[in-house]
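In the two complexes that follow, chain A is the common piece, with chain B as its partner first and chain C second.
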Partner chain A sequence: MSSLRYRIRAASRTVFSGWSVALALLSIALLGPFLDPIRALAAPAGETWLHMRSTVLGQYIRDTLILAISVPVLAGLFGSVSAWMVSRYDFPGRRSLEVLLVGPLAVPAYISAYAYEGIFGYFGPFYRLIRNILPGLALNRYPDISSMPGLILVMAAALYPYVFLLMKQAFRNNISNALEASRSLGDGAGRQFLRLALPMTRPVLAAGLGIVMMEVLNEYGAIVYFGRNTLTTGIFRAWFGFYDLSAARRLGGFLMISVFLFLGLEQYLRRNRGYGLSGKRQAPLERIPLRGLRGMQALILAAVPMFFGLVLPVGRLGTWALRELPDARWSGIFEGLGNTMLMSIGAALLITSLAVIIGYSRVRRPHRPLIALSDLSLMGHSVPGAVIALGILGVSSWLVSLTGRSWLAAGSIGLLMFGYATRFIAVGQRPVSAEMEHRLRVFDEAARSLGRGSIHALVNVHLPNMKRVLLAAFSLSFLEMIRELPLTMILRPFNYTTLAVRSFELASNEMLQEASLPAMLLVLIGIAGVLVFQWGEVIRND
Partner chain B sequence: MTDQNQSSLRVEGLHRRFKTSIKAAVDHANLEIAPGEIHALTGESGSGKSTLLRIIAGFERSSAGSIVLNGKTLFDIHSGVSIPAEKRNIGLVFQDHALFPHLTVAENIAYGLKKKMRTERVTRMLDLVHLAPYANHYPHRISGGQAQRVALARALAPQPELLLMDEPFNSLDRRLKRSLLPEIRRIIKAANVPALVVSHDRDEVYSLAERISIIREGSILQSGKPEELYERPRSCYVAEFFGEANFLKDGDRTLMIRPEYIGISAKSEREYRGRIIDEQYRGDRHEYRIEISQGRFSGQFLTVRDYVKRNTMKTGQACSMSFAGDQLIEISEDGG
Partner chain C sequence: MSMRNRCFHHLIILPLLLMLSLSLSAAGGNEPGEVVNVYSHRHYDADQDLFDRFTEETGIQVNVILASADELIERLRAEGEASPADLLITVDASRLARAASLGLLQPVDSEVLDENIPGNLRSDERLWFGLTRRARVIAYDRTRTEPDIDSYADLADPAYQDRILIRSSSNIYNISLLSAIIAHEGEAAAENWARGVVGNMARPPQGNDRDQMKAVIAGEGDFAVVNTYYVGLLLNSDDPGEREVGEKIGIIFPDQNGRGTHVNISGAGVTAHAPNRDNAVRLLEFLSGAEAQAVYARENFEFPANPAVEPGELILSWGSFLEDDLDLTLIGENNSAALRIFDEAGWN
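Then we have the complex of A and B:
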């Protein structure tokens, strides 16, 4: 009996400790927005839905599937080949290329898309070049960039860095012993890559492809711009075209189910995670030097994705922006810039603080169901922004009807912040939790054994030791938010523009040159963000 | 509670089973430490010694039993008392020291101290561990042995009622350890605090502890002075844990004698006769493997150590042996 009493007391102490309560509340708040659309599947279908189903739904699903499969394949090829080249070989320009290959993270696909249209479209320089070389080429034989293959290329060139970063890490640090063994057994470069490096890093590759796939499901701007339709763009059509929230939520529900399917597929590909990859960090791989012609070949091969993802779009935007500078209308641009910076810095601060609270609550070992709930609540990064936006609208209308406070309704900055936090919390929480779980548990125990409580330990021991991780969490989530489009489009207050929204709107109205200035600003801020983050990485490697 | 006069820490019936395992990590363990005593808890890796220490520190829960420190109940399953780790007033030295990297040596030592007494206490601790010149160094600037002493000073600074050390010398190399151990012992003694040191290393245990408890599969097998555990082990497991042992069968009884208590001679003058079946040079000694050929242990084997090394014998040679007076003891065969 008394043992039971003790157990209840002990259990209630952990369940109701401040940190557990905080973790539970945060998890529930972050879960609401993307579980809400699934509920919509149970509601009876409306007229818009029936109409969409009989006309366009099939095409939405087809395009979604084509993109969700072919973009990751091409991005995987781009990312793993260039990761292999820069980690296995040393050639002139390798160091700079390693940084530049991450560059496309600063050039979102929707911006890339209209830069490509500017280059390869019928009035672009590429078309003129072709006409000069082959004057007889019929217009309809000329390859159209705004086609499915063009869209796949644009998106893959924008998204491959996710694969590149993960694969580079794996090639450099996890398989060097095996590679050296294979080399000593006389395997050539091709064999080492295909027979050893790729199979051994399959789980990492699957993780990278998974991220790319989720980004494809999230993408709105590039797809609309190229005139294609996916479930995500369908949400916008239902919401902004028909003002039918229930049909939009229904589409969101379907999208959520496909997210779950893809996540399942990714988990399946990542099975046998232990196979080949020992968790132990091995000595970094010694690079094979390539000089002269072979060095040039290696450089060119490794630089291909960077050419498509960074050089072409930024070159086009840059020349437009220079031409546009003299008669630019700055007030709109500055407004967008101010909103983007304020919003993203604010949300990145919010996310970093939440990540600290979540990470610390998890280190303090709450009960397992709570950890599972928290895991689920951190899934937002895999959920398309449009779905989260709909979920937020659903949650807010529920709150309004519950409390009668209309300020909780759509169109407020608060909701937009909430949306960003839901979608990007994992970006900040991942580095924070990794650091806390691996290194700070023992510091926490040391502080407690010296008679200090949790808040004292957090403020005086943990946070001062986490500067670079906090910087990483802040800059990574900041980088995601400045370019965020679909969620911002749905949740923003009336007439509230960010650089992303502004450049997308101008481009959709075919004002490509005008769109280039906000786009270029966005890219520059993004590059600065990448540099801050890289700087953090450099400190880490010291 | 004053009638528990001799013990400072009294641990009874602690029990802990992890969800992922069938066996208990700590299995109704009992332990007692006298005031000012340095007590070592030893056992193989995975025997539950660290878990037991973490339960006492308050970082792991026990599903049974009680912990009483200087008459104050820290944990008791029956009354439902469980004082959180930060209120137990127990100092802890961690395996890798866990010094806070952003604080200097002095700031690390000051971390657990109230403002009022901080300066005075830090100065005293720095003097005690002979690290005053390093007060303003950061942990990455000092050596492993110095870090060890800082960790100890930090744990002792708030004047804990008990000091726990979890494999504190694991990260140090052998030679450094040898010079550091007497120093650590001196510091703990000067602080006059009872200490429980978890270690799997026999040398560490012998050079630090006044009493030793040996744990296996979560249960304490035997507690006692070092010489008790070495010379009067209760079971074969304990005997072998602390050194080489010869086990001899005599009917249903099992007897044990340490190799160095066996005298050996090339003549047949001594009590037991045998034949050398293997001999090995081992640096400080010669070691013989012998088959007994006569008497009640006939047909059984012995290991004998000869530290004098004057007349070495060859394999195949006949010999005779004598056992030192009371060193042939009866022992239980199983773990209990």
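Then we have the complex of A and C:
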């Protein structure tokens, strides 16, 4: 009997160290494509770097900072207010709104930027209308959408759903006890939101803002179109303009270091504030019904971000797409549709699985260096996809020359999948890790004390209770994947296209109308993805 | 309970299965028979039609990967001798020159190509060949503005303050234009020119070539620097607003009394390790031939590289013009200098 117990303990110890090994190996693999840029920071500065530093670097840093701060702030405001409205109140149209509020995730930011220019440009419907009403208004009196405030609005409206999704979950499921107490003390709605709901969900908000900031840092198309320069656009200038790889890597390293500092700050905030959320399961928040005028007001307030992120750009795309319907080239579009679905589902499953392994390993083996390594491996989300793709090309040519295996070469699906995982692991891992951290501290000891080892505990006890967060990780990665562009373009096999690639090809020829059709399909798939996600929530809540 | 658990086992196994099946299907995609593998920066439907036509004529399957030339060049470099690519197609001479200088292209001796493509539109070593020409011209509003500008130098003349529209300096067409100015006049003169243009800009650079022409018609500025084929694309747009812009646009070919209008090429070269070299040469010959050249001109409003082929109706309506016959290789060599000058002049 005691020898059996001893054997179990010994076996489980092996498995525990297995978790550390898994975490270390996965993190290192995911970091592989970034090693060169970080190393480049240590090398002496070249001529291009000195030139950029003395001319444009200051401006790049300034624009990067402005965007990296103001876009998350606005997106945070959009996302948390809407999330609060749909979780706290019930009003006419709430159910549909909950789905539509996530819709902007299916609209690539650069497409949104083109659509905004299409609406608010001089020949767009907006100023046409204004000119009809006020014929004498001079052009220079018009506010210009392609300005910094315009860019901030376009990007925040495209990215707030990350905050919305995470905050809605947190509001719905983690604060109901405290909120009921506050309400019974007679606190008003605004006070409940600002004094209670927001502070209690601060770590979740930080995670959401983190995702938004990373998206901002890697954005390329919308920023270039609006004539701005960031560290990311600078990387491309150094690389493909000056053909100076070391300067490009240096800029990339610079960008990564700032991301790492930010991640550290987020960790620090999380630790310092504590989680604020109890591990105990709470009843879902009761919604307060609002009828009549108050219901309308609530609907309008909650729908503001959706108006900017979905209604305006999709309205523009939709009218363009209708015009294109008669002479569309369907074969390419259908091919792109099939590939988009298959690849996005496959990659989202892969990312979710990896997120589970990493998240569990982090909780099982919270060694500081290992955690730091794993934090570093989240960087992919903030680095422009093209930079990762080129890093992966490097890793791949090294592996192929080492092993002679062609499935490691560019153009193979395996390498493409590796690229997607590197790029988007943060999207899956952030929600999964956050949930695991606060859930498993409470339940894991109990689950493992049943004596069947940690894999058993993970698969049989924890995962079934984390369905919703797993679905969230899956659907967020899916929504990222359907829009993914640079990795697919650079690493894809011959004759392989996706909807995002197809719409980019057309848009890059300045054929925006033609591009609108695949872009619209992309939006529809995205909405379908959101519906699946919502459906998962409903099951769980019943 | 057990149903649920199985569900989550599947969650882990499924992606592995999916990946396996995807890799198998990708590996099985290579049918036997003649193929030619193309890396191309030309994302035009007309190009795909031409490839289909080539397959019809020769039975050679054309496999394509579209991406930016810079990315494709990096991929070629990483793949090295194992690269499956046979033909690299770009939309700019600088990138062809760069691919050539990296040793990624091989010379092609072909009587057909020598006959179809004039000497100034191909590299001396026959590493690459131009397929179409694009002129960088000045657009103005015919209904409103006197076309009193007649050279690139005028764009920098203080008389035109707040009247010039041109896109960002990260755009390769602008980089090539400044590279050409450097090649002709040297770096100091080029820098003066860039500073002058920045001083004359009606607004900070933003948007694409079409947007510059829209801004001209909107009255935000008077003269926009654009590539010719975008005028054709505007005139044939599905958007009535864009057609309206196209109809008002007039074109000035700069430097007709001097060295001629700056012309860039879209072109192609056979890769150094092409596994299907002969097919690549056949495709290149086909693309330089009368049928394909007419398609480029008709569908995409580009100037054919093959002098025997008539440009489209619209292009003809602009009349003939004097072209700058600068050696295109020089443009590639001056790219970095051009970017440095843009940065120093504060041209975003």
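The rule is simple: the second predicted complex is superposed on the first by the 325 of 542 C-alpha atoms of A that agree within 3 Å, B and C clash if a C-alpha of one lies under 4 Å from a C-alpha of the other, contacts with A are read in each partner's own complex, and residues count from 1 in each chain.
Throughout what follows, a residue touches a chain if its C-beta (ideal position, glycine included) is under 8 Å from a C-beta of that chain, and two chains touch if they have at least 3 such contacts.
This one's a predicted model, so the numbers in the text were calculated from it and none came from an experiment.
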**Study point:** Touching partner for A:330 - first (chain B), second (chain C), both, neither
**Key:** neither
Review point. Is A:453 contacted by the first partner chain B, the second partner chain C, both or neither?
Key: first
Check your understanding: Of the partners chain B and chain C, which touch A:490 in the superposed model: first, second, both, neither?
Key -> second
Practice item. Using the touch definition from the top, say if A:346 reaches chain B (first), chain C (second), both or neither. Key: second
Check your understanding: According to the contact criterion defined above, which of chain B and chain C contacts more residues of chain A?
Key -> C
Check your understanding: Which of the two partners, first being chain B and second being chain C, lies in contact with A:307: first, second, both, or neither?
Key -> neither
Practice item. Please indicate which partner A:224 is in contact with in the superposed arrangement: first for chain B, second for chain C, both, or neither. Key: second
Exercise for review: Using the touch definition from the top, say if A:464 reaches chain B (first), chain C (second), both or neither.
Suggested key: both
Practice item. Using the superposition on chain A described above, determine whether A:412 touches chain B (first), chain C (second), both, or neither. Key: second
Review point. After superposition on the shared chain, which partner residues are touched by A:513: those of chain B (first), chain C (second), both, or neither?
Key: second
Revision key, fill the gap. Chain A contact set shared between chain B and chain C covers 460, 464
Review point. What residues on chain C touch chain A, complex-wise?
Key: 1, 4-5, 7-9, 11-12, 14-15, 18-19, 22-23, 26-27, 29, 37, 43-45, 48, 63-68, 70-71, 74-75, 78-80, 82, 84, 98, 168, 170, 175, 204-211, 214-215, 217-220, 230, 233, 237-239, 241-242, 244-245, 335-336, 339-340, 343-344, 348
Review point. Hey, which residues of chain A end up touching chain C in the complex?
Key: 48, 51-52, 55-56, 117, 121-124, 139, 146, 224-229, 233, 236-237, 239-244, 320, 323-324, 329, 332, 342-343, 345-347, 349-350, 352-353, 356, 386, 389-390, 393-394, 396-397, 400, 406-407, 409-414, 417, 459-460, 463-464, 470, 486, 489-490, 492-496, 501, 505-506, 508-511, 513-514
**Study point:** Complex contact set, residues of chain B against chain A
**Key:** 57-59, 61, 63-64, 77-80, 82, 84-87, 89-92, 94, 96, 98, 100-102, 111-112, 154-155, 158, 164
Exercise for review: Using the touch definition up top, name the residues of chain A that touch chain B in the complex.
Suggested key: 2-3, 5-6, 9-10, 13, 442-443, 445-453, 460-461, 464-465
